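Below you'll find a set of structures to go through.
Two complexes follow with subunit A in common, the first pairing it with subunit B and the second with subunit C.
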Partner chain A sequence: MNILVCVKRVPDPGTKIELTADSRAVDTSKLGFTISPHEECAVEEAVQMIEEHGGEGTVLTLGLPESDAQLRDALAVGMERGILIETDGSDWDPGQTAKAIAAAIEEDQTRHGPFDLLMFGNESADSGGFQVGIRVANALDLPCITGVKSMEMEDGQLVCKREYGDGWEVYKIPLPAVVTVKEGLNLPRHPSLRGTMKAKKKKIEFVQPEKVSAQLVMNRLRHPAETSKEVEILGEGAAAAPKVIELLRKLEVL
Partner chain B sequence: MSELPKHAHAVIIGAGIVGNSVACHLAKLGWKDLVLIEKGPLPNTGGSTGHASNFIFPVDHSKEMTQVTLDSLKQFKDLGVFRESGGIELARSEERMQELRRRMASSKAWGIDSSLISPNEVKKLFPWVDPDVILGGFYTPSAGVVDSLRAGTLMREKAIELDALKVFTNTEITDIAVKQGRVSGISTTRGEISTEIVVICCGVWSPRIARMAGASISLSPVVHQMIDVGPIAEFEDCTEEIEYPVLRDMDKFMYERQVGRNLEIGSYAHRPIIVRPDDIPSIEASKLSPTEMPFTKDDFDPQLEDAMELLPEMLDKDEVEIQYSINGLLSLTPDGEPIIGETAEVKGLWSCAAIWIKEAPGFGRMIAEWMTDGISEIDNHGVDISRLYEYARTENFVESRAEEAFNKTYGIVHPNEQWGMSRGLRVSPFYAREKDLNAEFYETAGWERPYWYNSNQKLLEEFSDRMPDRTQEWDARWWSPIIKAEHLAMRERAAMFDLTAFAVFDIKGPGALDYVQKMAVNQMDVRVGRSVYTPLLNDRANIKTDLTIMRLGDDFFRVVTGGSDGSRDKKWFSDHLPDDHSASLADMTSAVCTIGLWGPRSREIIQSLTKTDMSHEGFPFGSVQEIVLDRIRVHALRISYVGDLGWEIHIPMEYGQFVWDLLWEAGQPLGLIPSGIGVYGTTGRLEKGYRLYGAELDADHNPLEAGLARPKVKSQNFIGKEAYLEAREKEPDAIMCTLTVEDHKSASGELRFMLGGEPIVTLSDGKRIVDRHGRSSYVTSAGEGPSLGKYILMAYLPPEYVNNDNALAVEYFSELFPVRVAVAGGGSLFDPDNERMLK
Partner chain C sequence: MILGIIEHDGVQLDPYGLQMLTFARDLSARLNTSLEAVLIGKSAESSGEQIKNFGISKVHLIQHERLEHYAPEAWAESVIQLLADKKADLAVAAGTERGNELMAHIAAKLDLPLASNCSEISHGDGLEITRLRWGGSLLEETSLRDNVKLLTLALNIVEAQESSANPVDFEAFTPTLEDKDFRVQLSGREENTAEGVTLKTASLVVGGGRGVGSAEGFKVLEELAECLGGVVGGSRVATNNGWRPHTQQVGLTGNRISPKLYIACGISGAIQHLVGCKAAKNILVINVDREAPFFSKADYGVLGDLHEVVPALISEIKKVQ
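== the complex of A and B ==
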């Protein structure tokens, strides 16, 4: 079972997100980078499925050359191959991104054979467009299920569940297919020392994409109006106990 | 939360381990109305304390640092937050094994129980080490781990319990007000407080906070990477945070320590990563905390491999995951020492920064004592913020040296090792000539000073038979046999030295005499044209510094002190200037350059250039005169630090090169050579037994012990007089001695030469020698005495050891070399009657 997981390098901010002077991007000068939490689950799920059913995992991203760090993270937990669609740091809207990814997948399949399953995060942690997985499925003419929080193989088909109200929607689809997943699907593992060392030797292929014209242009980012928060410190150590009890009583917990 | 008080006796900024310790010790010393301001929450403020690895290895090559660490260890134990796990420093290379043997000497010198152990013994203590990748270990059973956050909380609570402290968290300092050079208050996000004393304990943010007051704290935040890995199956049954010794894989610049069921791996091996204080993210914008910055994985990759090589059984498996990884921030300084004391720029503004967890309670106590009495029990000259000259307070200098210092954290640092970055800042007017003579430059206080001249290579042939050479690479590193040849050429003919690194202060005014009288132990009411060498004391009669003061007029004294001490001495003098402005101090360092001219032919050389009578009668020893050399007016001072006839010539800076050339020309027919500081500071000095501040002289000893006491004490008052008189009533508990090494041959047959810091022990059983105050005997200075054909060591010894009844030895690289006491107390091994100088 050959699985491709698409990930995106995103900033890893604290509670307060600083913007650049022109308000068109997050100021990442003091931030680290990671991949979106949904995608971490996608990688983990792919690794588990390959552990169970065999096959090879490939991880793909579109971004700056330094996004190879995020690919290595995925390679460290068990993916085998990386594909980096290299950009110059300019904006790529979901349509442009999906076009480039679809093209790269098609090209890769001509050399390495077809993927059985293409996985995406439901939406990215930074721009949150909710589109790339669906657009790639459309471009490659594959079935697509979004918002998946559980998946397993059954009789050669993929059974996916997604939350609906208080219950679940259950889908059974033939492969190849596209699935976009959500955090909670599993508990992603940390890389091991051994895996990290091995990842250094795994291959990452750099791809030069063609950039089609954009359909969406981001003008400006804005912080939402701050909901006022007030923190009251009730005290320190044992001295705080009576006030805590008083508060719990007031909240009718006690 | 309660409101900020309008006024505080002192405000402490920063509630990390340091700020809490300062608050606690000030409270214990009786301070009231203290306020502790912290911008973050408690107990983990987001500063470096919060991610510290918290282990303590007590042994350091520095005496004072070991003393502070031992004090801290005791305090941590008293707080109940210390767990003794032992610690092992591992060697993978023969060079490191040598360094571990050197560490053994330091542990002996400072009285800490340590031993060298074999790879298999390491494995017994930490069963998952691969013994095949190491050569041995340096094991200190008393090493261990503390809970630094808990320690901070307990110390803070102690200060609150003493009704001395109010604490305000989530309160950020926005300004420090200064009036007439003195702190007058602080502004915060919560309001203002008027106060005359502020202590900056802000770790990596300290430079930024000091800048609010127009002051500087010379530290730079640098990244130290660490990761936490687990679960470790081998620790599954452990119930304590740490049950196995902390490992320091010294050759790989990294450490491994157990943290419950995980293993923490830290590194000082990666490229230096400097972060400016202004670029540290805010608490809100940080993913983890401001000082736990995003991990840069590539920098750590080689360390993963090294850790797996050392602990293959434990780490090379799929289950052991990297669960936490940070680029942690810590503070490094230009000389690797902490930054403690009142800033030179602003009165009442104190710094207590660049401190590791292992030292924090000790430095908290030190600064609290210092703020209370002006003195601390443990000598503070090496950490005193006022040691830093202005150039050392600039961002570029601090960053460049911090960058260089980073990889020295676990490095093997030779005692004479020179810095490579930020060199050539201060040069004398003779610099061009010195470069032409192929001088080997060492740095002191930013000055480039010739340590020896390679142009003197030709002298080697003439003098090579007088003393054996250092053949062992370590002993010979940062050293040259040319030094001995320069020394002997000076003793036979004459040598000129560049002494421009001296700091020079002019004291003038109607109150000048009373003022210098108050500062100095020795009588300053001498006639104009005399110079006085004198120690300066603190109130406990311990030595603050030693220097020369010339009387150049009724109301005019010139102070000349060493470059290493100049910045500190300047603050000491400035702080004691009379309030009525009857005396003033002007720093003339940049205006005066100095040539030392010494040797039996020096009189002939200088006389050929001047009409002044330079004879012994016309220009007696200890006198200073304004003379004209050819056409340049200079001050000549008949004095010597090397034990030969001659003068210090103090020249207005711009005439320096001209005068150098005059002397050079005049001296060539008489065999004059240029000579470096190797002779001035070591060989010449040691033959005469002259003391050096920071080596023989420190705040641990008084002038009687140092052999500097004169027969009488002057009637006038001076700082430390009362305690000094008291000390004179008693027999000294230690005596500064000049020793000679009697046999240099090591077990391998190679000759070894000590470099300083080694313990003096009993020859029969290698036992450490300690005086009644617990002060140990160790080598304060070491070097050749080429005229004597002897290798000289200086050391304090308890009186019962000075008569050579007990056979003594020096321990060097785990071997004993016999020594004997050649001179006890003041006095010289070479030319004891000073005939060469006094003719």
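== the complex of A and C ==
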């Protein structure tokens, strides 16, 4: 089973998102980067499925050349090869992103054979467009299931579940297919030292994409209006307990 | 013309769909155009009755013998045909899982942009749109200029409000669908067996983060939640370490909670966590570090080690209960 997982490098903004002077991007100069949590789970699921059914895992990202750090993270937990679709750091809208990814997948498949399963995060943690996976599925004419929190192979079919209302929806599809997943699908493993060493030797291919024109042009980013709060410190340590009881009574939770 | 696509369960309209109708009604007045609703699936008509209180005069019922169960591509194909037939220039759905999925398929098939999770729309050259990034911690301003504009409305941006009751004209629309449109179709449903209050609906939540230190450490938080009839939640550090299941995660990639009181213990207050609890009416933070960012987003605070504060709280509560 050959699986491709598409991941996005996102900043980890901690407690405040700072913007660049022109308000067109998040100021990431002081920030660390990570793979979005949804996609960390996609990588873990791919590794588990390959452990069970055999095959090879490929991890792909579209981003700056330094996004190879995130690809190495995925290679360190068991993916075999990486594809980096190189950009100059300018904004790529969901349509542009999907077209470049679909083109890279088609090209890769001519050399390495077809993927059985393409995995994405349900939505990116930063821009949250909820559409790149679906657009790639349509471009490649593959079936797509979104928001998946449980998946397994059953009699050659992929059975996926996603939360809906108070319960779960079940979908069954044959492969090849596209699945977009959410955190909670599994508990991602941490890379071992050996895994990290091995990842250094694994191959990452750099791809120069064609950037079609944007459909959804971002003009500006801004912060939502904030209602600032003045915290009332009820006390320190165990001695604060009576004051907290008063509060619980006031709020009628006790 | 604006087409507002609403989810329903055959009996009731989705509450987020009603928020969307309220928003779209205002938008249609500002754009000086009409708003018509779209319901998909067999038993749609009965839930359509509810719609007449939302100032809607026409409802398109998309009906097809195979449209009984949710099938994203068949739904998308149906809406695409309706859009063309009615020459609509804007389609909007609520930014639910299905709403975003459906609109993304439509956008992909028509090669059009989709502005998902919008919060504000104004009229300019085209449409000037504000949409949510980072779960609403950051806003993006963008423009839609295409002839057919596709968007989803972020959840809980407006309250659903009824308006004058109109007589509603229901018009059936039968799309032409192929087998391929049904390659993904809902094949079953499983109900949650767990009973009682859930994190999403609880009126009191006791949350724990890295400061709790271990799975064991959560025992006192559970006890506190139990004393107060609440439930336990956690930060991503708590779930990622396997101390709590992911179903209890509060935040961007977990649950959005809206309790009367959220007691956050040993959680620093990263924006991805705050996204999940900003709808809490009151927040009480228990943290050893007075500089923890959570204090500036909280109503009440206790400075101290949660392993001392929480047991002290429990024994005090037991005294008075």
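For this structure, a couple of remarks:
Operating definition for what follows: the second predicted complex is superposed on the first by the 240 of 254 C-alpha atoms of A that agree within 3 Å, B and C clash if a C-alpha of one lies under 4 Å from a C-alpha of the other, contacts with A are read in each partner's own complex, and residues count from 1 in each chain.
Throughout what follows, a contact is a pair of C-beta atoms (placed from the backbone, for glycine too) under 8 Å apart; a residue touches a chain by one contact, two chains touch by 3 or more.
All figures in this text were calculated on a predicted structure; none of them were measured in a lab.
In the superposition on chain A, contact of A:Thr15 is made with both subunit B and subunit C. When the shared chain is aligned, subunit B and subunit C each come close enough to touch A:Ile233. Of the two partners, subunit B and subunit C, it is C that touches more residues of subunit A.
In the overlay built on the shared chain, the residue A:Trp168 is in contact with subunit C alone; subunit B does not reach it. Touching of subunit A by both subunit B and subunit C, each in its own complex, is seen for residues 13-17, 231, 233, 236.
Only residues 1, 42, 169-170, 229, 279-287, 293-295, 297-298, 301, 304-305, 307-308, 315-323 of subunit B touch subunit A when the two sit together in their complex. The touching residues of subunit A, when paired with subunit C in their complex, are 13-17, 26, 36-38, 93-95, 98, 123, 125-131, 134-135, 137-139, 143-147, 161-164, 166-173, 182-184, 187-188, 215-224, 228-229, 231-242, 244-245, 247-248, 251-254. Residue ranges of subunit A in contact with subunit B, taken from their complex: 12-18, 29-33, 69, 72, 189-197, 200, 231, 233, 236. Contacts from subunit C toward subunit A in the complex involve residues 70, 72-73, 95, 97-98, 100-101, 104-105, 107-109, 111-117, 132-144, 146, 152, 183-192, 198, 203-204, 228-230, 236, 240, 242, 246-247, 249, 252-254, 260-261, 268-272, 282, 284-285, 293, 295-305, 308-309, 311-313, 315-317, 320-321.
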